[in-house]
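Order as written gives the chain letters A, B, C and D; numbering starts at 1 within each chain.
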Amino acid sequence: MSAGGWQEWRAADAAEWLRPPTADDDKYSRGVLGVVTGSHEYPGAALLGVEAATRSGVGMVRYTGPRPVRALVLARAPEAVTTAGRVQAWLLGSGMDPARRSFVLIGELEHALASGVPVVLDAGALDLVGAHSAPTVITPHARELATLLADREVRTSVEEVRSDPAAWAARAAREIGVVVLLKGAVTHIADPDGAAITVTAPTHRLATAGSGDVLGGILGALVAASHERLANDAHALAPIAATAVLVHGLAAERAVAEVDGGPIVASDLTAQLQRVLGQLAG
Amino acid sequence: MSAGGWQEWRAADAAEWLRPPTADDDKYSRGVLGVVTGSHEYPGAALLGVEAATRSGVGMVRYTGPRPVRALVLARAPEAVTTAGRVQAWLLGSGMDPARRSFVLIGELEHALASGVPVVLDAGALDLVGAHSAPTVITPHARELATLLADREVRTSVEEVRSDPAAWAARAAREIGVVVLLKGAVTHIADPDGAAITVTAPTHRLATAGSGDVLGGILGALVAASHERLANDAHALAPIAATAVLVHGLAAERAVAEVDGGPIVASDLTAQLQRVLGQLAG
Amino acid sequence: MSAGGWQEWRAADAAEWLRPPTADDDKYSRGVLGVVTGSHEYPGAALLGVEAATRSGVGMVRYTGPRPVRALVLARAPEAVTTAGRVQAWLLGSGMDPARRSFVLIGELEHALASGVPVVLDAGALDLVGAHSAPTVITPHARELATLLADREVRTSVEEVRSDPAAWAARAAREIGVVVLLKGAVTHIADPDGAAITVTAPTHRLATAGSGDVLGGILGALVAASHERLANDAHALAPIAATAVLVHGLAAERAVAEVDGGPIVASDLTAQLQRVLGQLAG
Amino acid sequence: MSAGGWQEWRAADAAEWLRPPTADDDKYSRGVLGVVTGSHEYPGAALLGVEAATRSGVGMVRYTGPRPVRALVLARAPEAVTTAGRVQAWLLGSGMDPARRSFVLIGELEHALASGVPVVLDAGALDLVGAHSAPTVITPHARELATLLADREVRTSVEEVRSDPAAWAARAAREIGVVVLLKGAVTHIADPDGAAITVTAPTHRLATAGSGDVLGGILGALVAASHERLANDAHALAPIAATAVLVHGLAAERAVAEVDGGPIVASDLTAQLQRVLGQLAG
C-alpha cells in the first residue's frame, strides 16, 4: 500500500479552527467538555488530560471519573467541575484498562456514547469505537491501530502499520468510519471521506509518559469549543484534530526550549498550551 | 424600560476604596472574611474563592465549609484558617446547590446572615437574600437575576434581563433592597438608593469556569477590609463592589497578556490579583 | 516605665549570625530542627512554619504533628521528615490551642522541653515557658505578653504593653528568664541579661494571617543551625532572634516589591527566604 | 591505604553517557524505571526521587511504593505510573527502614533483584546487595559503607572511611562486586574492574535533607535510559553513575545561584535537572 496527497498541517492552517470567545459568550456557550478518564490504577492520565483541557480554551471541563481521582484533579485544576451535567463533547478512555471496567463505568461510557455529541476515544476506550454514531476521533498509536484493525478482520501488524502509517490510517478511517489520529513522530490524521493530514513532531522529546493524555485533553477541548461548527460540518473534525496535534507539538517545542534542549515531562506541555494557543490565534 | 446616568468605573475611581494597612494594624483590624462556599459536589469554587480572598488584602480568611474541602483549601492557601470565629464580613454560596443544603449548613448560613456584618451572596445562596438586614451585595448573572425577580412576582425573563441589564439591575436593587452586581461582559452594579455603576470586562476570556468564584473572593475581601468604613457609610458598598469587578477584569487582562492573548483559567486570575491591587493603590 | 539603649538590628549585624555550611558538613551537623506545631483545627500554621524552616538553611526539619497534617506538610515540603529522632532545637506551639491538648501532645511537648536543646515557644505553647531550663525564645504579641505577665502576677494590660513595648519586653525577659521577642510593627527582642534589640518592619503588609508562623519557622531554623555556638554562648540567642525577625521583614519587603506594592500572603514570604539569606550572607 | 589514578569527572565526560531520544523512540524504548522507595514513615524520599527521575530523560517511571505515598507522588508527578509492569532498571531503598520491611515489600524487592535488569540500591536497601547478580550501583555515605564492609568482616570505621574515601570505595567495589558510589563533598565512584572516578560537589549547600533521594532518582533514570548500552557493556555503569553525580551537583550550583547564594532545599534540585541535562547534551 502507499498513500499520496497528505497535507502537512501548519500554524497558518490551524488558526481558523480555534474558536475565540465573543462578547455574547458565557462559559456554557464556549463549550463544555465531559471527561471520563483515569482510574484507580492510572489516575495521572486524568490529571494531565483535565489540566490540558482547561487550558485549551473551553468554557468548562466536567470530570466524572473515580471519586479519589477527582480530589487529585481538583488540586491541580480547581476550575474543573466534578459533577455530571450537559456537555458538548466527550473525552473518554485515557488511563483506563478496558479489561477492568466496573458496571458504573460501563454505564457512564455508554451514556456518553449515546449522547450524540462529538467524542474523542483514547487508549482504554478505543475498543468502544463503532458502538455509536456521533462524530468521533480515535487516537491510537501503531499497536493500538493494529489491534483495532485485527478486531475488524483486517490483516496487519504493528510493523506494517509503522512502515506505512499513512496508508493504514486512511484505511482504518474508511473501515471504521471515524477520524483516525495515528500517533507517531509524524502523526497521520485521516477521515472516512479522504481527508489526509500529517503533523510532524518538532521534537523527539514528546515521546514521554503522559504525553498522549495531554493530547487527549487538548483535542477534547478544541472539539467542545467548536461544537456549533461541528454540528453543521462533520468535515471539521479532521482539521480540528490536526490542530490539536500541532498545538501539542508546539507546546513541546516551547517546553524543550525553556529547558535549554533538555528532557521534558508531560506536565511541562500543559504549562505552554495557553501561550501556544494565543500565538496561533494571532 | 431604559436606564441612564450609569458611571463607568475606572482605575482612578477604585483607588479610594482600597484600604491599605497602617502601622497600627494587626491581622484582625485589617479585616477577617468568613467564607462558607463549596460543597462535596463543587469543592473547586471554595478553593478559587478563598485563594482569591487571601490575595486581595484582607487580614485573615476563615473558611468553614465541608471538612474534606478544607484540606483542599489549605493545600492551596495555607494562610486560611478553618475554624469558626469573629469575622467582619461574609462570603456565602459559591459552589453550593441550594436544593442540597444539610441542616448543619442551613445553621451556618443563618448564623452568618444574623450576625449583622456585611454579606456577599453568590450562586447557591442567592435565594437567601431578604432573610436578613445586614448590608448585602448579591452577584447574580442574568438567569439568576430573572429567577430572583420571579420569586418576588416581578415578571421578566433571562432574555429581557440580557437585553436591558442596566434597568433590571436597578429595579432589582430597589425591589430587594440590596446592592445588585449583575455579571456580564458589562457588569452592572446598582444599589437601592440609585447608585449605578458599570464595569466593562477588558477581555471576553473571562467567561470561563470558576471566574465568578474568584470574583466572590475578591469582593468578600474588599468588603471585609473596609468593615470600619462600611459601618459608617452604607453607600460605600456599591463602589466597593465595582472596585472588585474592576480588579477582576484587570487581573484577567494581565493574565491574558501573559499568555500572549491565549485562553486563561480561573486560577490565573488569582495569580494576578496582588499586582493589580498594588498598581491600583499606586 | 521607659527604655533606653535599644539597638536597631541591620543587615550588617545579621550576617555574623548565619551559619554557612562547610565541606565537613552533612545534614546532621548543619542542624536538625524538631517542629511540633499545627493541629486538626489549625494545620496551616504547620505548613507555613515547616516550609519556612526548610528554606532557612537548616540541615533537616523533623515535623511530628498530627498525622493528617503531616501529609499536607509533605505535599508542600517533601524535604521534611515526619518521624521522631535527634534534633538540635525545637519549634513548639504555632497553630495550637492550649486548651485542647491531647495526652499524646502533652507528652511530646514535655519530651521536647526536657531535652535540653534550645527551644522556640510560639502561640499555643507560650504557657509552657518556665517549665524547663533550656535556652528559650518566646514570640508573643502584645496580648500574649500581657497574659504571660498576668500569670506571673505582674499587673499590666494589652494597652500598656502596646504603649511601651520596649520596657515590657525587657521586664518580661527578666521576670521569665528567657529571650522575649515581642512582635509588632517594631519588634523588641530582650534577654534576661539586658540585651535589647529592635527590628522595624519594612512594610505594614506583614500584618497578615500566617505571618507569625513563618517567623517561627525562620527562627527555629536559625537556632538549630547555630546549635554549636549556642551550646557555648547563651548570649547568642537574642541576636539570632533579631536576625530571624530581620530576615522575615526583608522577605516581606521583597514579596511586596514583587507585586508592585500590593498585598502579600504568608506563603509569599517563604518564597523569598532563600534569596534574603543569600544576600545577607554576602 | 592510599589511592591513585582517580579521574575527576567533567561536563565534557558526561555528554557521552546521556541518551537523547530519536525519531524511532517511544516511551518504552527510551527506558522505564521501576521505583520502590519511600514508606509510611518516610514518604518524602519517594516524592523527591520520582520527581527527579521523571525529569532526567527517562521514558516512564513506575512507582509502586505504599498506596498512600502513591497519591502524594502523583500530586507532584502526574507523569508517573503507579502500577507494576515491565521496567529496564530499578531504584530501590530510599526512605525505607530495613528493620521494618513488610512481607509484601520483601516480595517486591526480591522480585526486582531477581529480574536481571540494572539496579540502584540506596539507603534502606543497601543491605540487600549481593543477593543478586544484575549490574548494580550502591550509593552509601561513609557510615553506610562502613556498615556494609563490617557485614563482610572487613575491619574499618566511619572515621577511616572518611579519611580515605578513595581507597575504601575501591576496596568495597572489589569486595562486593558492584559499582560503589560513596557520597561526600567529593563523591568517589569505583567499580570492581578498577574504574575510579571522583566528582567534587560545586557547593556545600548540597548537604541537606532529601538531597540523596534526588540523586537516586537521577541515577535510576540515567541507568534506565541507557539500558541497551548497559546490556552490552557492563563497564558503562561507573561513568553513568559519575554522570548522575555531576548532574546533581550542577543542579545544586544553579539552584544556589538562583537564590543569590542562599540555602537550597532538595526540591530546588529537581527544578534544575532538565536545564542541566539540556546544557550537558549540548
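Assorted remarks:
By our rule, contacts are C-beta pairs under 8 Å (C-beta built on N, C-alpha and C of every residue); 3 or more make two chains touch, one makes a residue touch a chain.
This is a predicted model, so every value here is computed, not measured.
Interface of chain A with chain D: the two copies contact each other largely through different residue positions, with under half of all numbers used appearing on both sides. Between chain A and chain B, the centres computed from C-alpha atoms are 36 Å apart. Chain B and chain D, compared by their mean Cα positions, are separated by 51 Å.
The residues of chain A that reach two or more other chains are 75, listed in rising order. Taken as a contact graph, the chains are arranged in a single closed ring, with each chain touching exactly two others. Chain contact summary for the complex, chain D toward chain C: residues 41-44, 47-48, 51, 68, 72, 75-76, 141, 185, 204-205, 207-211, 256, 259-268.
Across the complex, chain B is touched by residues 20-27, 29-30, 54-61, 71, 74-75, 77-83, 273-279, 281-282 of chain A.
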